[in-house]
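Here the chain labels run A, B, C, D, E and F in written order, and each chain numbers its own residues starting at 1.
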């Protein structure tokens, strides 16, 4: 009996869509106002979903308090009230698009979970734009 | 042409996470404040999703009024304003975690639907915690 | 690395559930008050999801501005503030159920996207009723 | 101890912004695509708020079940799945703007409530546009 | 320059609408299924609003971290995962209707805030039912 | 017949809570992680409410398209994808707290509206924190 357990979280951050190896002109053509060198920001809303068997003893797939703590350690403490481009090492050479942020969060979370559990990351950059990543 | 049709519903209930065959101490270690012997409660939000072929005559996968009535009979009338541990027979010996409630709702709903239709149950215990069950 | 990118949009429209080749009595039996000959209406909320590889250059699956423009051209400009039965050619002989509207939107959007991208359409007819179509 | 009690409800309807005593040209200049002669429609979300003293016996300002029933009789049964211009007598000669619909709902509700209770009507025409009327 | 600063919070609790000094029959007539002796429960959503002058030094009416901490101490720690009737002293002889809970929260919060600040409490018992209290 | 008409909008921006005339140490004591010199950011959600008489001709308090355009010109074009501290002149010497941003938006909007209309600005910095300003 595979059940998926989902937990929401959020963090606020500044970012800029930008490649250091491109000219400012090319960055502007591709990323438009998202390339603002003074940064802009978002309230990122995150939904972390974990799929696995229900433990017959507890009735849990995973204890939600444990999942909440991993999200806090791996994502909220690392990203909240930060400048993603300047202060989060994963984006030193990786453009912080919503797609790339979701993939980074996936790998940070995956390494802390029981390998039998499947993981899905959903990240809202705004209430109207979001991305989903389930690994490969 | 398989389409999924989803309908939301809700019910309010009291519950307690607890196993009768465990000591109070063990229940407390595992379930913390969710083991409060005086119960606590939730506004459970439910999304029932049914997948099947569009009927060429009606343009429906399932008449939403029929789906709404099955949810009312099987879930709302059975769970709303109830104490899940004390008053809902399915949880007499089953810990009413969100995972287990979703599985119980799945089986109650499945038995009333055309067997050609696939079913998915999504249950929000709070706006930030939810589970999803699609059968096996 | 397949990632799904989703974008929300909305449109307001009038419609009536009705088949021209059925009697009024039969339409009423099947579609009830949704068959009102003077029409009723909805704020349709749409979520368009596109799945594909992250482009290594840009970090995008698809530029959200491009996706937003396709939704505007194919869906918002075609359906917003319209009477679906009388003014949208796709529903001249097709009953505008939520299921059928989602399939129509799917085909309009699919024809404008890179064929390597998978597409999913989610359409809320009301906040509590919605349908999902992913093609075949 | 004055407390406000609020209850949400909704109805779906078709309408057209239009004055019979104006030319089509003038209607179009003022109301644009909202003047579509074939109508468009909305999921109207309604919040009815009633302010008064807490009854010392019951702890209620008003029994929510009673408020729910008045909303059903006065608003949902009268407006849901209707064409406001053609089928709701209050709009026979009154343009069904959100402002005017809120005022009509206010007067329908007010006549059924204890005159000691203050009333406020909030009506969402779309998730982003809404109006509020509190009487004079 | 008076500005209102609002902060949301939530707590889950069990309750029962009931007066000890009434017969079970009378309690049932007035409170219906809300009088279930085994309790039912809710996810209460709370919005605390504080109105006052903007401090010219900080640009704050009140530091949101301070407001958040008062809400945690006075409301969340006192009510969350509790049975309101049995475990919260304020409801020992007071029926825990949404109206009465809002008044209790108002007085608990008011005593911890600078007396120059106006306070408003909004409490959602369900997503569709809520109450508002501003003091007298 | 005074009715209030409300319109939602949003903008994404980076900011930092900071006073140039304070030491870094004092800024950190008061503003904590909000003083991050590399900035953080938000999806600001804005609700602009305008109160006045219903125009007997049109049934409008204000044409929503006109209100939408003023919001776009005065707020969205000025603040969206900007760094509030570095790029928005109103915050050159004013700390961009939610309170101060709401007051700035109020004055920008007020100057473009008919002086007979009352104005209220509600600004969500996150889904759980918001401020309201109605002028003096």
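One rule holds in what follows: a contact is a pair of C-beta atoms (placed from the backbone, for glycine too) under 8 Å apart; a residue touches a chain by one contact, two chains touch by 3 or more.
Just so you know, these numbers come straight off a predicted model, no measurement behind them.
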Problem - Labels of chains that are neighbours to chain A and to chain D - result: C, F
Completion exercise
Per the touch definition, the chains contacting both chain D and chain F are E
Handout entry: Same or different contact residues where chain B meets its copy chain A, judged by the half mark
Key = different
Practice task
Averaging each chain's C-alpha atoms to get its centre, pick out the one most distant from chain C.
Solution key: E
Problem - Most widely separated chain from chain A, with each centre as the mean of CA atoms - result: D
Exercise for the section: Determine the centre-to-centre distance between chain E and chain F, using the mean Cα coordinates as centres, and give it in whole Å. Expected result: 29
Handout entry: Centroid distance [mean C-alpha coordinates] between chain F and chain B, Å
Key = 42
Handout entry: For chain E, residues that touch 2 or more chains besides their own
Key = 127
Practice task
Kindly provide every pair of chains that touch.
Solution key: A-B, A-C, A-F, B-C, B-E, C-D, D-E, D-F, E-F
Exercise for the section: State the interface residues of chain B toward chain E in the complex, per the touch definition above. Expected result: 10, 12-15, 33-34, 36, 38-43, 45, 80-83, 86-87, 126-127
Problem - Of all residues in chain D, those that touch chain F in their complex - result: 17, 19, 30-32, 94-100, 102-103, 127-134, 136
Handout entry: Parts of chain D lying in touch with chain E, wherever the complex brings them together
Key = 1-9, 49, 54, 57-61, 63-65
